[in-house]
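Each of the two complexes below includes chain A, the first together with chain B, the second together with chain C.
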Partner chain A sequence: MKQGPAGWMVNKLLPVATVVAIIVLLWYVLAVALNWAQVSERLAKESDNPPVSAIVAGTWEMERPVLPAPHQIAAEFSKTVFETRVTAKRSLVYHAGVTASATLLGFALGAVLGIVLAIGIVHLKVLDRSLMPWIIASQTVPILAIAPMIIVVLGNVGLTGLVPKSIISMYLCFFPVAIGMVKGLRSPDPMQLDLMRSYNASAAQILWKLRLPASVPFLFASLKVAVAISLTGAIVGELPTGASAGLGARLLSGSYYGQTVQIWSALFMAAFLGMVLVYSIGGIERLTLGARGQAAGAR
Partner chain B sequence: MTSLPPREAAAERGTLMSVADTVIDVRDLGLVFETPDAPVEALKDINLQIRRGEFVTFIGPSGCGKTTLMRIIADLEQPTSGTVTVNGVSPHEARLQRAYGYIFQAAALYPWRNIQKNVELPHEIMGVSKAERAEKARRYLDLVGLKGFEKKFPFQLSGGMQQRASIARALSFDPDLLLMDEPFGALDEITRDRMNEELLRIWHETKKTVIFVTHSIDEAVLLSTRIVIMSARPGRIVEVIDSDLPAERNLETRESPVAQQLAHRIRLGLKAGHSYDEVR
Partner chain C sequence: MSDWMATALLVAVTLATWGVMAWLVRLDGKGLGRWLVPALFGAGLLLGWEIVCRGYGIPAVLLPAPSQIWDAFWRSLPVLMADFQQTFLKAVIAGFVLGNLLGFVTALIVDRVPFLQRGLLPLGNMVSAVPIIGVAPIMVMWFGFGWESKTAVIVFMIFFPMLVNALAGLAATDAMSRDLMRSYAAGYWQTLLKLRLPAALPFIFNALKINSTLALIGAIVAEFFGSPISGMGFRISVEVARMNVDVVWATIAVAALAGSLSYGLIALLERHLTSWHASFRATR
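And now, the complex of A and B:
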C-alpha cells in the first residue's frame, strides 16, 4: 500500500520517536538517581543545604559521572565524530574504522571457514560425526578466556595488530555460518535430489546447481548473526592487548581514567557500526534474492 | 562371460526382434523395507514386461507400492529380490545412460531458476552447449504450450503450468522412458483434463514409452494402452488389462461404451485386490 509523507510520519516515525523520547526521559531520571550521591556530597561541602534543583542540574553536568546524561554523550559524540579530523587519534571515526577492518577481515575468514566446514560435513559422514562435536565445544569456551591467549600466542610468532583481532572474530563467527550452511545445504527436498540422481549428476554438480543455491537464504540469515558477533570479537580482541586504536581501546582507556562519557560514546559508535554492518548484509541479501525472484515482497 | 552362440549373444544384448521390443523386463521382483519396528513388504512377486511405445498405468490403493516400483525401475531404490532390466541392461546402467525422464507429483522446479533455466538444467548437467540447450528448452516449452513464459520464475506460474514446465524438462533431453508419478494429482479436475489432452498429444508426437501412476480410473482409461492394477500389503499385481480403446482419443472417448466397460473392469480389479486385503 502506498502512503503519503503524512502517513509515513504517523506509521513509521511516530512510534520510533515516541520510544526514543521515553528512553531519553528515563535516562535523565536514571542519571539523577545514579549521580545523586556524588553531587550532593560535593555540594554539601560548599553550602549547608544545597537546593534540590542545583543537585539535579549537577548530576547532568559531571565530568566523570556514573551515568552520563544523553546530551553529554551527544556532545562528546559530535565532537569526536564531526569536529575532529578522521585521521586524528581523537577521532571516533578513526577508531571505528580500525575495529571495522578487523571485523570485516575476521568476518570474511569466518564465513569462508564456516562454508567450507559445512560443505565437508554435508558430504562426508565421517566429518559430520568427528567435527561437529568439536565445533560445538569450541563455542562453549568463553571468548574472554581464550582471547588473551590467542593474542599472546600470535604475538609470539610476530603477528600483531589487525590479524589477531580478526582471528578472534573468525573464531566466533564461523560457527553460525557453519550451522546455517549445514542446514541450508541439506534443505533441498528429496524430490529435487532424486531429480539430480535421475540425471546421473555428480556430487559436485549437485553441490553447485542444487545445494548451494538452495542454501543462500540460510546463508544470509547466518551472515547477519555472524557479522554482529564478529564485531564483538574484534572489540574483545582489542581489550587484552592494550591496543592504542579501535573501539575496544577507547572503552579500555575510558574505564582506566573513569571517562564514562568516552565509554558511552564508543558504545554508541559500536552499536551504530553493528547496525550498518547488519543492514548492509540485509541489502546484499535483498539484491541477491531479488535477482532470483525470491525477494520477500515477490513471494 | 563365456562365448555364447550368436543367437543367444544377440538376445543377451537385446537386439533380437522380440526382445528389442521389450523396454522394461521385471521378473520375480520383491522389496522389503527394513524399518525400526517391523519389515515392510512393499512389493512381492512382481512380473511385468513393457514394450516400446506403450503407455502403461499403475493404479491401486495408497501404499500398494506404485511409487516404489517406479523408483526401482529408475534405480532410485534397490530391490531385495528378483531382477529388472531396462533396454537389456540394469537400471543402474540405464540411469548412467540417462534413460529416464522422471516427473513427480510436484513440479520440483528450482525456485531460483526461471522456467527456461529450469528446463536447461538436465542439459547443463549433461554438458550440452549453451546454444543447443537454449534451443532445446525453447522447443520443448513450445511443445507443452509455455511459449512466452521462458523468463518467468516458477512462483509466477500456476500449478498446471509448473507441471507442464517439468514435463518439458523431462522430455527435452529425449530420455528413453518417461516415468510419471501422479503428475496431475495436485491439480483441479478442469486443469487435469486439459493436461491429459496435452499429454495424449505429446505422447503421439514423441512416441515415448510412458509409465504413469494415478489414483484416477478416468485418467487411466483415457491415457493407457495397458493398465496394471495393484493391491497393498504386500504390493502385488492383481490384474493387467489391455486397453481396447482406439489410438486416437480425446476427452469424449471416456464416455464411449468401450471406455465405460474398461472403467468397470478396472473398478472390479481394484475391488478384487481390496477384498484380498480384507480376507487376510
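And now, the complex of A and C:
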C-alpha cells in the first residue's frame, strides 16, 4: 500500500504520538498518586493546611520520589548524557558503552557459535537427532539464573570485566541463532537441492551457493531477537558482582541508595540502547536483502 | 586417575556415544528410537562432565561433578523445596496468570479500537528490544521484598508478548470466514467465541510458551535485588557468595525442571485444544 507523507502522518505517527502522550499524562497522574503521602506529610510539618497545588507541585520535584515525573528523568538523562564528559564515571554514555561492548562481543561470539552449530546440525544427521532436541529443551530453562555463578566462577579463574559478561550474552543468544539458521539452511525446496545435485555440486558448494544465501532472511530475524537478549544478559551479568561500571551496575547502585531517578534514567538508556542495536540490525538487513532482491521480515 | 587416563576415557566415551547414536540414527527407529538418541546424548554429556571433573581434579568451587550436584540436591532438598514454593508457587504462578490475563484483555480492548491498535502495536514491537528486567529494582522498592514485587516484575515482562501475539491472533481470521459469520447474523461476542478466539489460540499458546520461561527468569532475577530468606534467586546469589557451587547447580536443576515441566504442560494443553491446526496434523 502506497501512501503519501500526509497519509503516513495520519496513519502511523498520529496514533503512536497519541498513545505516547496518554502514557506520559498517566505517568504524571501516577507520580502524584504515588508520591502524595510523602510530600503531604513533609508539607504538613511546615504549615497546618498545605494547599493542594503545592502538594501536586511537590510530587513532581522530590529528590527521591517513589515514581519520578518524566521531566525529572529527562533532566537527569540530559545531565548525565550531554553535560558530563563521556569518559567520566558519572556519564551514562560511559556506562552504556561498557554494557554495549560486552553485549556486542557476546553477540558476535554467540552468532558465530549458533551458525557453526546450525551448519553441523543440517549436515550431520547424528547431531540433528541428538543435539537439536536439547537445544529446543534448553529454551525452556531459565538460563539467566546461571549468570551470577558464571561471573563468580570465572572471577575465581582470574577472568573479570568484559569476558564473563560476554560469555553470558553468548550463551543466551546462540540458541535463537542456531534454531533460526537450521530453519533457514533447510528452507531451499527439494527442487533446488535436486538441481544442485544434478550439477554434481559438493555439499560445501550447496552450502555456499544455495543454503547460506537462502538462510539470510532467517538469520536476520533471529539476530534481532539475539541482540536484544544479549543486552539483557550483559545487564544481568553486571548485577551480582557489584560491578562498578555498566547499566546493570547503575541499576544496582541506584536500588541500594534509593536513587529512583538514577534507576529510571539507566532504564531509559538501556531501552534506547536496545532499540539502537535492534534497529541497526534491521537497517543492515534492509541493505543486504535489498541489494539481493529479497524481501525483509522473514520469520 | 592421571590426566592421560582421563583423556583416554573421555575420548573412549565420546567415540562410543557417537558410534551408538550413529547406529541408532541409521536404524531410523520410530517411537522409542526418537527419544533414545537425545537421551543417550544427554547421558554421554553427563558422563563426560563427571570424567572431566574427577579426571582433571577440577575443584568443586569451579565446576562440581554431576554426582556432587546430585548429592547436594538430596542433602538440601527441604531448602530447595521452600525456595521452589516461594519463587514458583507464589510469585511465578500469580505473575503468569495476572500478566497473561492483563495482556489478553488489553488485546481484546485494543482490537475493538483500530486507532489504539495502530498506536500500540509499534510500541509493543519496540518494547521487545527493551531489557524490561531492569524494572526489577523499582518493583522491589514499590512492593517490598516479598513475592508481590516478583509478581509485578513478571507482569511487566510478559504483558507485551501476550498483547502482541493475541492481537496478531485476533487478526488471523480471513474476510471470508468473518463474512460467513455475518451471514449467520452472529454478533460480536458470538463471532469472537466461535470463530476468532479459536483461530487466535495458536498465537496465544505461542505467547504462553514464551512467557512461561520469561516468568521464571523474571522472578529469579528480581530476587537478586532483594528477597526474604528463601527463593531460588536468593539461594543462587547467597550460595555463590558462600562458594557452595553444588547447591547453586542443584537450584538451577530445580529451575530447569520447573521450566521444562510448565512448558511441557502448556504444549500438552495446546496439542489438546488446537489439534485441528496444520502444525499438528502434519506430524501425524
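Everything that follows uses one rule, which is that the second predicted complex is superposed on the first by the 273 of 299 C-alpha atoms of A that agree within 3 Å, B and C clash if a C-alpha of one lies under 4 Å from a C-alpha of the other, contacts with A are read in each partner's own complex, and residues count from 1 in each chain.
Everything below uses one rule, namely that contacts are C-beta pairs under 8 Å (C-beta built on N, C-alpha and C of every residue); 3 or more make two chains touch, one makes a residue touch a chain.
Remember, predicted model here, so these are calculated numbers, not experimental data.
For the composite obtained by overlaying on chain A, chain B and chain C can both be accommodated side by side without a clash.
When both complexes are overlaid on chain A, the residue A:Gly158 reaches neither chain B nor chain C. When the shared chain is aligned, chain C comes close enough to touch A:Ala137, but chain B does not.
Judged by the touch definition given at the top, the superposed model places A:Val126 against chain C, while chain B stays out of reach.
Annotation for chain A, partner touching more residues between chain B and chain C: C.
In the superposition on chain A, contact is made by A:Ala271 with chain C only, not with chain B. Chain B and chain C never share a C-alpha pair closer than 10 Å once the two structures are laid over each other. Every residue of chain B that touches chain A in the complex is listed here, in rising order: 71, 74-76, 95-96, 98, 100-102, 104, 106, 108, 110-114, 121-122, 124-126, 153, 155-156.
In the complex of the two chains, the chain C residues touching chain A come out as 18, 21-22, 24-25, 34, 37-38, 40-42, 61-63, 115-120, 122-123, 126, 128-131, 133-138, 140-142, 212-213, 216-217, 220-221, 224-226, 232-233, 236-237, 240-241, 245, 248-249, 251-252, 255-256, 259-260, 262-264. The part of chain A that touches chain B in the complex is made up of residues 189, 191-192, 194-201, 205, 209-210, 213-214, 216, 292-294, 298-299. Of all residues in chain A, only 11-12, 15-20, 34, 66, 125-126, 129-134, 137, 139-146, 148-149, 152-153, 156-157, 224, 228, 231-232, 235-236, 239-240, 247, 251-252, 254-255, 258, 260, 263-264, 266-267, 270-271, 274-275, 277-279 touch chain C in the complex they form.
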